[in-house]
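Each chain gets a letter, A, B, C and D, in the order it is written, and its residues are counted from 1.
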């Protein structure tokens, strides 16, 4: 069950330009959190910003959580100024975790930019729960935006790099790297990143006949499935305008369910 | 001595809202609490004076395309478009939870014409789906903003308010509340029309119309372009409308608009609201409504007020 | 190549606002800048596209009793009540400063009837006190709230808007702007009335009516009970009203309501405003308007826009 | 000329229950500030609270300022959490300083509660500029709300204490203490505190035929004389509703000018 917890910031440091890693003491939330779920962080006391900010769990420790985030606007800029020792209010865990299916022999995590955020926790879960070591396709604009490479290496993962400008790894999109890998039928693909990137990854998976899970983003108010603000359209019953709530039905979805042209 | 006896007694928060007895004056804004299940994870929802459910229509509604919401300074814009499961699914899947937990239910309804509203009220009453009806005549998000000029709500036309209210009134014996729009020149007119039509209370207010444009993409921030502004940003406007209506009508008022805590709620009560609803702030703080209840009890005790009803309209001029 | 030439040129911020040429589209909200002297301590006020002065009346006005203001979430309520030095003192003591610094002046005026407005406009023109006239038909703070129902502004009655505008129009050859109220159902009607009356632009918007009550004292927070709500809280409402009006009228719009930075200003411009005014936020950040000017220049450069006028009403649907 | 300065917080500590002293590095403002003037402090980034908070100068040092404040509401509560090293935005100096008139041989500062805030700077100015040592009547609800006593003693001032509950000094109002002192005609009285206290002090002064300066408070938006929000009524031309702006015409006024019944 989700809860609201006052959490002490242990660490909050820049890991790449405009990207930060924060570790907070959150025994209650951490005790229930699973990879793929997220939390809602109160950025500042008072009414500005008005809403909490959704953030995935990068790592889930026994008593604490790690959050990897990019400064996008006012809220994340304020977060970047949190200092160790400060107490912040966090609501979570929210949403559904990545399903962990033992029937797959190969697990491929496809990350675009800050979309890598939920994957260290996922890799750890796949290793710990399924006893498999996932591979990672790590894509970003350029070399210095490739995050978590060391973490994945430490976990024993093979990491394929790709950058838009060719400054590291292949000069290619993540989806193209996946296509070239051409994984066999036993593989499971997980993707998280910009919408266009996830859409392309889903196309590749459907071409290759692979299942694909995507972790989506949307502007959120409640994070709890209440406000119906965070919906994305699905392909089931398009006429009727069917949709799912990213916060409550996801954020992880079967990528084939999402109407990528409608988002 | 009297002083001592007074403060030692628990103040009474119970109210009678146009025939609906509530154990405290605090409900939630329709559409900000769904049907209660989610927030029951955070607190016992039966502690609320009543649960007001998301607007129900006869058929399920898919709502508007995303993006449907955007944060604004001390508030938010939404254009959900009354997405809801529809009456049947509500009665089958949602209502039982609320009943099982002993909640008092305010059934908020939305229809395309007076008859649909009447049908919704009739069926909610017949099937025990609500203890009172709140007719939403003021949702700004069910129109095509591109082609509408101003916004065209039932609640903006007193004659229509009266006609809709009368039709619903004839369909149900449940306490009937009519939810009005802040987008009017004189709220007293709309409130008087609801009263004349047989409403037992008016709900003030729904969201203000507003919009946002992303300067980088030059596109509207909401797919429906225009949305409803809610949250603390609009509170001063809402308090003023409650005060205006309270001086004109005899029936009670459910005040809402940006309530975050008991002190905010007291502003509405002192302005003339008998009950209050906590809306958007619940998204920030799920148990906000419970804190308001506790805070009102505290307030009464501190001010040696035996019954909260003594404070309604109690602003000192 | 064209690309390169474009970006190397400074974008042109100059606009023609219904006959008033402004070197950039940024002015200030009447009543939030007095007559310019105080903020000249922080920056060169002649950098503004124009200085809009505090509403002037024929006689000095003492304004309302204190308390006159209270902060609200992301905004503020004020009930100044149009305190001002009066036309004579303005011409004698205030205008010379603005003229000495080469400011373009928008003379905001308030009268009790069309004739007073006409007289103010006539004298401002005759004595060089303004380069354009802004007729404030929408101040919520000059009524006795206790006895008014709703609020009774000239701007709330299109027929009156037209009559007032015509009378002022006949009195002056200066560009005439009419400042309207957000407290209406359909802003397009008021704007069309101003246009029909001969206005050269409309100013959107004045403050929304609102109020606050101190729960501890149970007294209204403002001595006049009701005040005008301004600041970022109302921005979504104001942007929507600008968009509504822009689709109905041909004359340009001066957009205002909660503008803090260039990105906020761009929302108004994309919605259809030719000029913008920075109001309450100046109290927080005295040089806010200057930052808006710099930010708009930046925006145009980044977006390869040669003239800011190309962006007016440029929202993409 | 007033300016806006980004100031580093040197120190921010509780000096009595709910009362704090903050010292900030503000060379620009401090260089121009005079006793009796004030500044407007930005409490938090973003739009909540919307307005700055007015605060007097407790002490004016060459490069820094000391602010003595009481937690009254949300803004001051947030201020109480400022931590050393943090940068805050301060606007000032604003308003008119206490006039320093060499013709008086006795200077009596009458402080009620947090109203003492501008008086250490004033005492210092009287000592430094006029070469006189002021006396202080320090009144508060109870002993632990008596502030700055040590500071005044260090400056050599005689301090008369008064508390509402008699926990220290006389159980009396500040104005009564002043009346009992019965200062001769050469004295000058300065007062700052709750409105009722200043009104009473003005009454005593007028009975004793003494000049009295009062430092007023009002809710402020601009602090610069622009918005006309902070006015208080005056006795000159009451009919016409004449008023003065606390921020710009004050905050220090001849107490005889103020219409104390109208505020």
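Heads up, the rule we're going with is that a contact is a pair of C-beta atoms (placed from the backbone, for glycine too) under 8 Å apart; a residue touches a chain by one contact, two chains touch by 3 or more.
On a predicted model such as this, the values are computed, not experimentally measured, just so you know.
Least step count on the touch graph, chain A to chain C: 1.
For chain B, the chain whose average C-alpha position is most distant is D. A separation of 46 Å divides the Cα centre of chain B from that of chain D. Averaged C-alpha coordinates put the centre of chain B at 34 Å from the centre of chain C.
The mean-CA centres of chain C and chain D are about 36 angstrom from one another, to the nearest whole unit. Residue positions 72-75, 231-232 of chain C are each in touch with at least two other chains. Chain contacts: chain A has residues 47-49 touching two or more partner chains.
Viewed as a network of touching protein chains, the structure reduces to a complete graph with every chain in contact with every other. Across the interface of their complex, chain D is touched by residues 31-34, 38-39, 41-42, 54, 62-63, 65-76, 78, 80, 83, 231-232, 260, 280, 282-287 of chain C. Listed in rising order, the residues of chain C touching chain B in the complex are 72-75, 77, 146, 149-151, 156, 183-189, 208-213, 215, 217-220, 225-227, 229, 231-237, 239-240, 243-244, 247-248, 258, 263, 266-267, 270-271, 299, 314-317. Taken in their complex, chain D has these residues touching chain B: 47-48. Against chain A, the residues of chain C that register as touching in their complex are 73-74.
Residues of chain A touching chain D in their complex: 44-49, 74, 78, 83.
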